[in-house]
Structures are given as C-alpha cells and as structure tokens.
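Chains: A, B, C and D, in written order; residue numbering restarts at 1 for each.
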Amino acid sequence: MRILIVFQSDYGHTKSMAESIAAGAKAVAPESEIVLQIAEQTSNEDLEHADVLFFGTPVHMGSMAWSMKKLVDQGAKLWMENRLEGKVGGVFVTGGGFGDAGGGVETTMIGLHANFLEHGMMVVGFPKSLPGYADGGLQWGAYARCATHEGMPKELSATQQVGARSYGAHVVEVAQKLFA
Amino acid sequence: MRILIVFQSDYGHTKSMAESIAAGAKAVAPESEIVLQIAEQTSNEDLEHADVLFFGTPVHMGSMAWSMKKLVDQGAKLWMENRLEGKVGGVFVTGGGFGDAGGGVETTMIGLHANFLEHGMMVVGFPKSLPGYADGGLQWGAYARCATHEGMPKELSATQQVGARSYGAHVVEVAQKLFA
Amino acid sequence: MRILIVFQSDYGHTKSMAESIAAGAKAVAPESEIVLQIAEQTSNEDLEHADVLFFGTPVHMGSMAWSMKKLVDQGAKLWMENRLEGKVGGVFVTGGGFGDAGGGVETTMIGLHANFLEHGMMVVGFPKSLPGYADGGLQWGAYARCATHEGMPKELSATQQVGARSYGAHVVEVAQKLFA
Amino acid sequence: MRILIVFQSDYGHTKSMAESIAAGAKAVAPESEIVLQIAEQTSNEDLEHADVLFFGTPVHMGSMAWSMKKLVDQGAKLWMENRLEGKVGGVFVTGGGFGDAGGGVETTMIGLHANFLEHGMMVVGFPKSLPGYADGGLQWGAYARCATHEGMPKELSATQQVGARSYGAHVVEVAQKLFA
C-alpha cells in the first residue's frame, strides 16, 4: 500500500502530528510505502500514485492554510477525470485556538472532507473508542490544540500524539479492508 | 447484511428516494434484509440491529427535519457505548430549494455526516462517476431538488431516481468490502 | 426594544447562559422588554413579536437539540411571508464536548446562523476584543464547554458567564444602531 | 463610505457579479468610494481602509479559490489587533456546479462568513424578499451558478445580475444604518 501524508506546518506542530500518523500507519502496514511531504512540493502525480491520502493543516482564519488550498485547487484536473476515486482519505489539524473551543477546527475538517468526497474518495473519521481521542481527536479526524489559554504556541502533548498515532493506524486498517 | 433506511417525508419525495435507494441496495445484495421506516417509528434497537444505515430527510429551514433530529438525539445513548461504531452510513436529502442552489442541502448533509462520524461509523459519499450524479447527487450523498423555480413542490425526475438508485447500490458495495 | 431569549436546557447550563445574556442585554437597554423562554413554550407569535432573538441550545450529537429544531421548523410559516426579516439575532451554545475541542459546537452555531439568515435577519457574532471571549466565545456567538476532560457535566465558570454577558450586551447594542 | 469589492475570477463570471454589486452599492450610496480589485493585488492596508468589504470567489473544489484564501490568511495580522472589527461584510460566489445543486457553494459562503465573523465584522446575508433572490441568491449572499447541466461555463443571466445588484444595495444600506 502507498500512503502519502501531505501537510503544511507553521511551527512544526502539524509536522509532528504527521510523524505520529506515519508511525501509526507503519505499525499496521509495515511493508507499505509511507511518504511525508509538504503541500508545496506535492504534484498531482504524487496524489494519484498513493492509495491512502492524509491531508494535514493548521487552522488559518477558520479553514485550511492557503498552501493546502492551492494543492486542493490544483487537484481539480484529477477530479475532472475521477483519478482519485476510491482512494482512502484521512485528515489532521492543529489549531492555535483562541476562544473556548478554538475557532475553526470543525470548518477546516469539514472542508477537507468535502474535498475528498468530491473526488469520490472514502473518508475515514476518528472513532472515539480509540486511544487518544479525548486529547487528540474529533469525529472527523485527528486534532490537536497547540496554544495556551492566551493563544501562545505550545508543543503537542504525549496524549495528543497517541491520538494521531491511533488515528493513522485506524485509517490504514480501513484501507486494508477496502483494498483486500 | 441488514440495511435500514430511515426517513422523514413531507410530500412523499423523500419516501420515493428511499425506495430507489432500496432498489439499488437490493440489486447488489439480493439476500440482504432491507427495511424502510420513518424516523418516529425507529428505536435505538433498530439502529443497532442494522449493518448499514441510510438517513434521509427533506431540508427544513437549513437542516434535517426535527423528527430526524429527534432520532439523532435519541442515539446519544448508543454513542456513549459506541454501539454503532464500524457500521456503514449513507445520506439522502430532498429540498424545495428556493434561491439559485436550494439553500441548506449542504448544511443538512454535513450535519448527517457529522452524526454518523460521531458514532464512529464509515460514511460513504457519492462519486460523480456513477449514473445519475448530475441530476441526483452531491459529493455527500443523494440529493434531489423537488421544487419549481417558484418553490412549488414537484415530483422526482427519472434521472434523480437513477441517482438515488446508483447511490444506494454504491454504499452497499462499499459495506460488502468492509464486512467481507 | 423587545428581546426574546429562547433556549433548551438539559442540566441548567444553557439556562444559566441565557440569564447572563439577559443581564448583558438589560445593562445596555434597561427599559427593554426581556423574555426568557424554553423552546417548547415558544410560538411563532412570540418570535414575530420580538425585535431581537437569541437562540440557545446544548450541542446534541453535533447540532441543536431537537426541541430547538422543532421550533426552527415551525418557523417555516413565518419564513414564507418574511415575517422575521430585519430582526437581529444572536446565538449561544453549551457543550459537553468530548474530544480535544468538543465536537459539534461549530456545526451547531453555523446551523443557527443559517436559520436566522434564511429569515433575512441580521446575525451578530462575538468580536474577540470583548470581555470573556477567551473563555466563553467563538466567532459565531457565546459558547461554554460544560464538561470535564472525561465528559462529566460541570458548572459554567465565572469567566464563561462574563463572556455570555458581554455578548448579550453587544448584540443589543448593534440592534440599537440598526433600529435607531 | 469606502466600499472595497475584492474577488478572484476565472472566466469573468465573478468579476461580472462584482460589477453588479458595485452598481447596487453606488445606487444607494452615490458619493461613496467604490473600489473593485482582485485578491492578489489587495493589501492589508486596503482592507483596513474600507468600511464595507465584499469578498467574491468561484467555488473551487468545495471552498474559496486559493488566491482568496491567501488574502484571508494574510489578514491574520489584522485579526490579532482587531483592525477590521465593526466593519460590514458581504459575500458573493459563482459556481460551475456539477450535481443537482452545484456542490460546495454553501461551504464556500459559510467559510467566508466565518472569516468575517472572526474579525469581529458584521456579516450581512441576502433576504429572500429582495429582487433576484430566486435566481441569484442564497441566505448567506449572492450566488450564481454559471454552468450548464453538463458542467460547461455559461454567462450570468440578467436575473442573476439583478440578484447581485440588489444584494450589493442591501449590504450598503445596512452599513449606512450601522455607521450613521
């Protein structure tokens, strides 16, 4: 199986989540090809080559970072020919999160899902029974709030990393069933 | 496989879609148990008994009809114990649709997806390569606008029914892979 | 000015927010009529009678509680005749919030906004410069997470109440400008 | 009053809507400064200089075009200092729209609203009693579907232009009340 994890990272938080997701994926599919890559270096060929796509982004003003959005828009050519149809997708998001819940994480995740669904992909959410959900999950995917109450950046916690890892493993397990 | 199609219908449009979805499901899984049922007669046991759940609703003021919402809220007990986790879900929506796109169908579908994902279910969208998408689809599921330009009710068209049928078949095919 | 605050409350959290919003409204418009009322006791005449409407709900499985949804659906008759057009609306939400951000608060608030906008109302959000935003706000309105990390109910904090109060005052101040 | 209309346009449809919105704005505020500008040429100073902001975009894969998103992200600096708070915002969207309702217009509009609300701005929707709503409106703003059933580009209709014009006028009228 070929797994591509594409992300945009500001302070390294989203990259750190990407690595935890990769670790989870590797644990359940040790011989799979796993590639981590930033959005700006990702081509449509890269997307098409993969069986499983993870898209990760910080929340920027209520939705995905513009460099992720540029990648999404570039995918319109693949959409026209249904080139990503049937692939499996997962999403992960980090957020500075000012306000009681960190504004914009849901709209960001829903936007990423909408894009995968538009391609005819299978989108996999994050079941709350998995390890790390309470700290690193939302129903749509992995989420880690990376800011203090005052909005200052802070590192991902160990339990947030557990969430990202178990989500990465789960998405790949679903893909294994679908591609069996 | 046990397939439960739950809906709320005002003028019979959503019921009509439910029947097309059932026909599509039956075509790919002839020996499966297929039950159509309105929301108010649906118990948590019914939800738990099924392997595949379709939820259908008209758009009412921008989201699902309140009787569907009541069913969704009632499911909170199942959610606490992860009783629907791993089941497969699909959604279908009809809309009177005043305004250039019929306001509220996306928020309605996204709301239904959010609920299925919260239960840890696998949500299946509608790939645009399937028959009937242009008339009866959106990336999140089956959709049929059932109103004239002036907002008066009108019947589902034959091509909208084709869309619902091919979506029903597709969701069940995905479930067959996941439950194999 | 006539201010109607309609809510559904499970454990008293949303009712408590409603009271803080009322206090904020009263502070800036002392002679206004302020009514607090649960959804099930609210008629279309009540909605039409008011100049400013606040709708408040707990998050139930990713969107507003069904009794609020029933009130929203009942409003379809007013919508047909544009009877709420031009009124001012604000929203407030409480959430048990399992998962890193409390899943569903954004979809709940966006759903309430969508309904107000459909009526042609003016929707007022919560500017982050106001007191209490960091604890009791999101861009769409007042929000208070009322659960511990384990998902057990807990009281609204004093700073969450400050947020609800300053939001209530802000919405009424905007209404005063619009109705001057 | 200073009115800034920022947009991204692919085939000229969104630009055409921008011009209708400008015409509507001019009709109700003849002495106002009205500037039309593409996203890439828009600075934070431009945003701060305006009293009323219109953001317009085609739907690209379910949300705003990336050049608009880049502008939105660039606005984070203004957000930190609440520099756009209290300004009035309106949104307009064009969509190729494959599928029965044109997928993605609602998520696009909700995304633009979320951004304006995050800045503490007043967002103005499109009341359905205004001229042109049935062809060029949705509750969140002006919308014109610019594609045939097969997804090929087509010109904005005269009634879609009427919708954009009446929306532009309405937003400015609301601003006049708020800034009086």
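To be clear about the criterion, a contact is a pair of C-beta atoms (placed from the backbone, for glycine too) under 8 Å apart; a residue touches a chain by one contact, two chains touch by 3 or more.
On a predicted model such as this, the values are computed, not experimentally measured, just so you know.
Shared contact partners of chain C and chain D comprise A, B.
Two copies of one sequence, chain B and chain D, touch each other mainly through matching residues, since over half of the numbers at the interface are common to both.
The mean-CA centres of chain B and chain D are about 32 angstrom from one another, to the nearest whole unit. Centre to centre, using the average C-alpha position, chain B and chain C are separated by 30 Å.
Multi-chain contact residues of chain D (touching two or more other chains) are listed as 62, 103-104, 107, 110, 114, 118, 128, 139.
Taken as a contact graph, the chains are fully connected, with every chain touching every other chain. Put simply, chain D touches chain B in their complex at residues 62, 95, 97-107, 110, 128, 133-139, 143-145, 149-151, 160, 163.
Those residues of chain C whose C-beta lies close enough to touch chain B in the complex are 60-66, 69-70, 72-73, 75-76, 79, 103-104, 107, 110-111, 114-115, 118.
Interface residues of chain C facing chain D in the complex, by the touch rule stated above, are 82, 85-86, 110, 113-114, 117-118, 120-129, 139-140, 174, 177-178, 180.
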